[in-house]
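You will see subunit A twice below: alongside subunit B first, and alongside subunit C after that.
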Partner chain A sequence: MEIPYTVEAHPETGLNNGKIGIWLFLTSEVMLFGALFATFIMLRIGSDGNWAAMQAEAELNIPLATLNTAVLIASSLTMVMAWASLMRGQLGRFKLFGWLTVGCGGIFLVIKYFEYTAKFEHHHYPESSTFLAIYFAMTGLHALHVIGGMAWNAYFTGPGSKLFHTNRQWLTDRVEHSGLFWHFVDLVWIFLFPVFYLL
Partner chain B sequence: MSEHVDIDKQVRIYVTVFVSLFVLTIVTVAVSYLDVSVPVALAIGLFIATVKGSLVACFFMHLIDEKKIIYWTLALTVAFFIALMALPLLTSVADQVGEFAEVEAHEPH
Partner chain C sequence: MAEPVHASPVHDEHHHDQSFWRKYIFSTDHKVIGVQYSVTGLAFLFFGFVLMMVMRWNLAYPGEPIPFIGSLLGENRAPGGIMLPDFYNELGAMHGTIMVFLGVVPLAVGGFGNFVMPLQLGAPDMAFPRINMISYWCLFLGGVTMFASFFLPNGAAGNGWTSYSPLADIALNGQTAWLIGMIFLITSSLLGAVNFITTAIQLRAPGMTWMRLPFFCWAQIVTAFLLLLAFPPLEAAGVLQLMDRVANTSFFIPEGLVVGGEVLERSGGGSPLLWQHLFWFLAHPEVYVLILPAMGIVAEVIANNSRKPLWGYRSMVYSLIFLGFMSFIVWAHHMFITGMGSVMSTFFQTTTMIISIPSVIILSALFISLWGGSIRYNTPMLFALGFLPMFGIGGLTGLPLGLSAADIPLHDTYYVIGHFHYVVAPGTLFALFAGVYYWFPKVTGRKMNEFLGQLHFWPSLVFMNGVFFPMMIQGLNGVSRRLADGGISYDFAGEVAGLNRMMSVSAWCLALAQIPFIINFFMSIRNGEKAGRNPWNSTTVEWLAPSPAPHGNFDQEIVVTRGPYEYSVPGSDKDYVPQAEPAST
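And then the complex of A and B:
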C-alpha cells in the first residue's frame, strides 16, 4: 500500500507528511532547549553575583567560539544552496554543497573538541562549577544535534541521492526538511554563543 | 515554502542573509567589549541574537512564505516558550518581594 501525501500536499493542510512532521519535531526541540535556557536563567539569577567569577574561571575561548559561529553560518548557506541546486535540477552542485555542509559540521565539532580538551586539561569539568555544568550540558546537547544533522545530510548527499533519478521532487523535499533541522541547530548556537561566551 | 519560487532571486537573498549574519556576529563580539552594565550588555546581546535568529528563521527556514498551519503551530510553541522563560524570572521577582516584605516587617515603626 502506498503512503499518501509523501510528495503531494494534503488538501487540508497544504503540506506533505515530511514538512508537517519536521515542524512538529522542531517545536518539541524548541521546548527541549527552552527548558535548558530556563534552567540557565534560574542558575544565573540564583548565583548571588558569582556568575561573572565562575565565567572568568572557566576561561572560555572567545576567538574559537567566534570561528565556530562563522562556520555554522557558512554551513547554513551551503545547506540552502544544496536545496537550491536540487530545485534547479543540478545533482553535481547539490552533492558539492551537501558535502560542504557536512564538512562544516565536522569543522565545528573539531573546534569544539579542542575547546573541551583545553577545559579538561585545566581540570574544568561539569562538576567544577554551576556555570560549567550548564555550559557542558547545553553545548554538549547542541554538539549531539550537529552530529545528528551531519548523519542526516550525509545520507541524503550520499546513498539517498539515488532518489534524484526516480523521484526528484521527493529528494528535494527531504533535503528541505533536513535543512530545516540544520538551520534550527544553527539558530540554537546563535543564542548559545553570546549567552555563554560574551554576556 | 510555496511551490513557485524564483530560485535565482532566492539565492541572492541567501547570500545577503549570510553576509548580514556574519557582520552581526562581529558586531555581537564588538559590543561585548563595551563598558556597559550587565543588564544593558544582556539586552544588546540578546537583541542582536534575536535579529540573527529571525533572519535564519525567516529566510533560511522559509518562514517568510509558509502555510498557515505552520504559523499557528509555531505561535502555540512561542506562547509555551515564553511561559517557560517567564517562570524562573517570576520566581526571582517573588523571592525579592518576599525578602523586601520580611525586612519591612522587622523594621521598628
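And then the complex of A and C:
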C-alpha cells in the first residue's frame, strides 16, 4: 500500500511527509538542547561567581575547538553541494560530497576524542565540577548527534544511493532531510563553541 | 434507513502473503499497532492497579501481614508478609510511573490515536508506518525495563513518580533502570508525535478541512504537540540524573549535602530545584496529555449518543489549542512551597487560573450538548456521562492548589492525590472505557455486551468515589501522601485514619467491578453481537470503513462534504448524515 505524499508534494502544504516530519523532529531537538542550555544558565547563575574559576581550571583547548568549528562548517557546505549535485542528476559528485561530509564528521569526532582524552589525562572528569559536568553532557550528546548524522549520510551515500536509479526524486528529498538534520547539528555546535570556550 | 450490513471480509490482494510475524507482531498497519498499544496499555493499567491494591492493604491494616500474596513477596520486601516501608515506596513510585507512562498514555494516545485518527481523517494509514512500528516497540522495551526493575537486587525505583533529586540521585534502588526505561518511553512518544502531526497535516481525505475535523482528532493533534515539545526537556533531565547516578556528577546535588550523617563526596554546586523545573516542564503538559484525548473520546460519544451536533464546536477547538499553549507556562504551580520566590509564584498562579478557563469552556460545551438531545443510555454513553461530573470534581478541586496561598497547607497531602485521581481515574479512565466500548465494533466487527457493560459501569462509579472522595477529607485534615502506614503514626490523622479502610475496601471492590469488563472484552471478540460498518449510526468517517477494516482502511473513495456532527438535520430522512455523503442526497 502506498502512502500518499511520500515523494510528491501535498498540493495544499506544498511539502512531502518527510519534510514535515523532519522539521517536527527538529523542533523537539530544539527543546532537548534548549533544556540543556537552560540547565547551563541555571548552573552558571547558581555558581556564586565560581564559574570563571571552574572554566579556567578545565583548560578547554580553544584552538582545537576553533578548528572543529571550521571542520563542521565545511561539512555543512559539502552537505549542500551533495544535495545540489543530486538535484543536477550527478551521482558521482553526490557521492564525493556525501563522503566528504561523512569524513568531516569523522575528523570532528577524532579531534573531540583528543580533547576528551587530554581532559581525562589531567584528571578532569564530569564529576570534577559542574562546569565540566555540563560540558561533557552537552558536547557528548552533540557528538552522539554527529554520529547519528554520519550514519544517516553514510547510508544514503553508500547503499541507499541505489535509489538514484529507481526514484531519484525520493533520494534527493531524503538527502535534503538528512541535510536539514546535519545543519541542525552544526548549528548546535555553533552555540556550544562560544558558550563553553569563549564566554 | 438502516445502513447496509456488509459481511466485511478482510480482503486485500496485496497482503495475502504476509507472514504471521509481519501481520500481527511487527506490523506497520496503524490499526494493528493501535491494538498492540491498547492491549499493552490495558495490561499495564491492570498491573499498576494491582500494585496499588497491595499498597492499600498496608494503608488500611499497617503492620499486618498481607493475605494470600504476602508470603510470595520475599524477605527483602515483606518479611513474614508484613510490607517494609521501602517496598511501599517502590510500589508507590512504580504505580504512578506505570499508570501515567505505560497505562493511560499508550491507551489514550498510542491506542486510540493510532487506531481511530487515521480512520477519522479518511487516511489509508499513518504517514510513517515503519516509524509507527518502531514507536510501539520502544514503548514495549520501556515497559519491559520498568517491569524487570522489580527484580533488581535493591528493587525498583522508590523515589516517587516525580523522582525528585537529590534523593533519586543517591538512592540505592532501581532508579537507573527507571531512567533507562523512561528514555525508551520518551523516544516512543516523540516518534509517535511526529507521526501523528504529519498524518493530520498531510493525509486528510479531500474535503476534510480543519474545521470539519472530528474533535477527537483535534485532541490528538494538540496532545501530539505537547508530547513533541514537553518530553525532550525530561529526556535532558533524565540524562543528567543518569550522569549524577553513574558518573558522579552534581547536576542536582548541592554543596555539602549530608547523607547518613556524612557529607557526600561530590563536587556539589548543582541545584535540586533544577530537576523540579525540568521535570514539571514535562509533567504539567503531561497532565493534559492524559486528559485531552479523554475529552476527545467523550465529545465523540456524546455527540453520537445525544443525536445532536456538539454545542460550540469551534469554541471547543480554540479552547483546546489555547489549553495546549498555556500548559507550557503553568508548570511551577507544582513548586509553590519550594521557596522559588513570590514573583514566580504570582506569575504561575495567574497562568494557572487562566488555564482553567478553556477547560471550563470545553466541559460546559459538553454539558450543553446534552440539552434537548434524545439521549441513548448505552454503555459508552454512561461512561462518557460519568466522565463529566467526575472530571468536574477533579478540575474544581484543582483550583485551590493553583493558588499559592491555598496550596501551602494542601501541598503533598492526600487532597492532592484525591484531586488528580479524580481527573485521571474516574475522569480519563472512564473516557477510555467509553472509547473501548464505542470503537470495539470497529476493531473486531462485534459489539460488546450491553448488560455486562452496565454491570461494569455502575459499581465502578460508586467505588471510584469510595476510593477517592475520602482522600479529600483526609487531605483537608493534613494527612501527608507517601506515608507507608497511612498516617496512623501521626496524631492529626486520628479522626480520619479510619477512612483508609473504607478506601481500601472500595479499591478491592473496584477490582471486582472490572471482572465484567474483562469477561465482556474477551467474550465479545468471538461471541459478541455482529456489528455492521456503522453500529452506532454515527457520522464520522471511520464508520464508513468495513468492520474490521482491512489494510489500507477504505474500500471506497472518501470525499468529505460536511462537518463532523450532522445529527438530526431537519429535513433529512435519517437522524444522521455521514461526513462523506454526497451533498446532493
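Quick note on the criterion: the second predicted complex is superposed on the first by the 199 of 199 C-alpha atoms of A that agree within 3 Å, B and C clash if a C-alpha of one lies under 4 Å from a C-alpha of the other, contacts with A are read in each partner's own complex, and residues count from 1 in each chain.
Everything below uses one rule, namely that a contact is a pair of C-beta atoms (placed from the backbone, for glycine too) under 8 Å apart; a residue touches a chain by one contact, two chains touch by 3 or more.
Source: prediction; values computed, not measured.
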Which superposed partner A:Trp99 touches (first subunit B, second subunit C, both, neither): neither
First, second, both or neither for A:Ile20, with subunit B first and subunit C second: both
Which superposed partner A:Leu36 touches (first subunit B, second subunit C, both, neither): second
Which of subunit B and subunit C A:Ile190 touches, first, second, both or neither: first
Partner chain in contact with A:Ala74 - subunit B first, subunit C second, else both or neither: first
Touching partner for A:Tyr155 - first (subunit B), second (subunit C), both, neither: neither
Which of subunit B and subunit C A:Leu141 touches, first, second, both or neither: second
Subunit B and subunit C contact sites that coincide on subunit A, given as residue numbers: 13, 15, 20, 24, 27, 31, 34-35, 38-39, 42, 46
Contact set on subunit B toward subunit A in their complex: 1, 5, 7, 10-11, 14-15, 17-18, 21-22, 25, 28-29, 31-32, 38, 41-42, 45-46, 48-49, 52-53, 56-57, 60-62, 67-70, 73-74, 76-77, 80-81, 84-85, 87-89, 91-92
Subunit A residues touching subunit C - in the complex, by the definition given at the top: 1-5, 10, 13, 15-17, 20-21, 24-25, 27-29, 31-36, 38-39, 42-43, 46-47, 50, 125-130, 133-134, 136-137, 141
Partner subunit B, residues of subunit A touching it in the complex: 13-15, 19-20, 23-24, 27, 30-31, 34-35, 37-39, 41-42, 45-46, 52, 62, 66, 69-70, 73-74, 76-77, 79-81, 84, 87-88, 176, 179-180, 183-184, 186-187, 190-191, 193-195, 198-199
Sites on subunit C touched by subunit A in the complex: 12, 14-15, 124-129, 131, 190, 193-195, 197-198, 201-203, 228-233, 235-237, 239-240, 243, 247-251, 266-267, 269-271, 274, 277-278, 281, 551-552
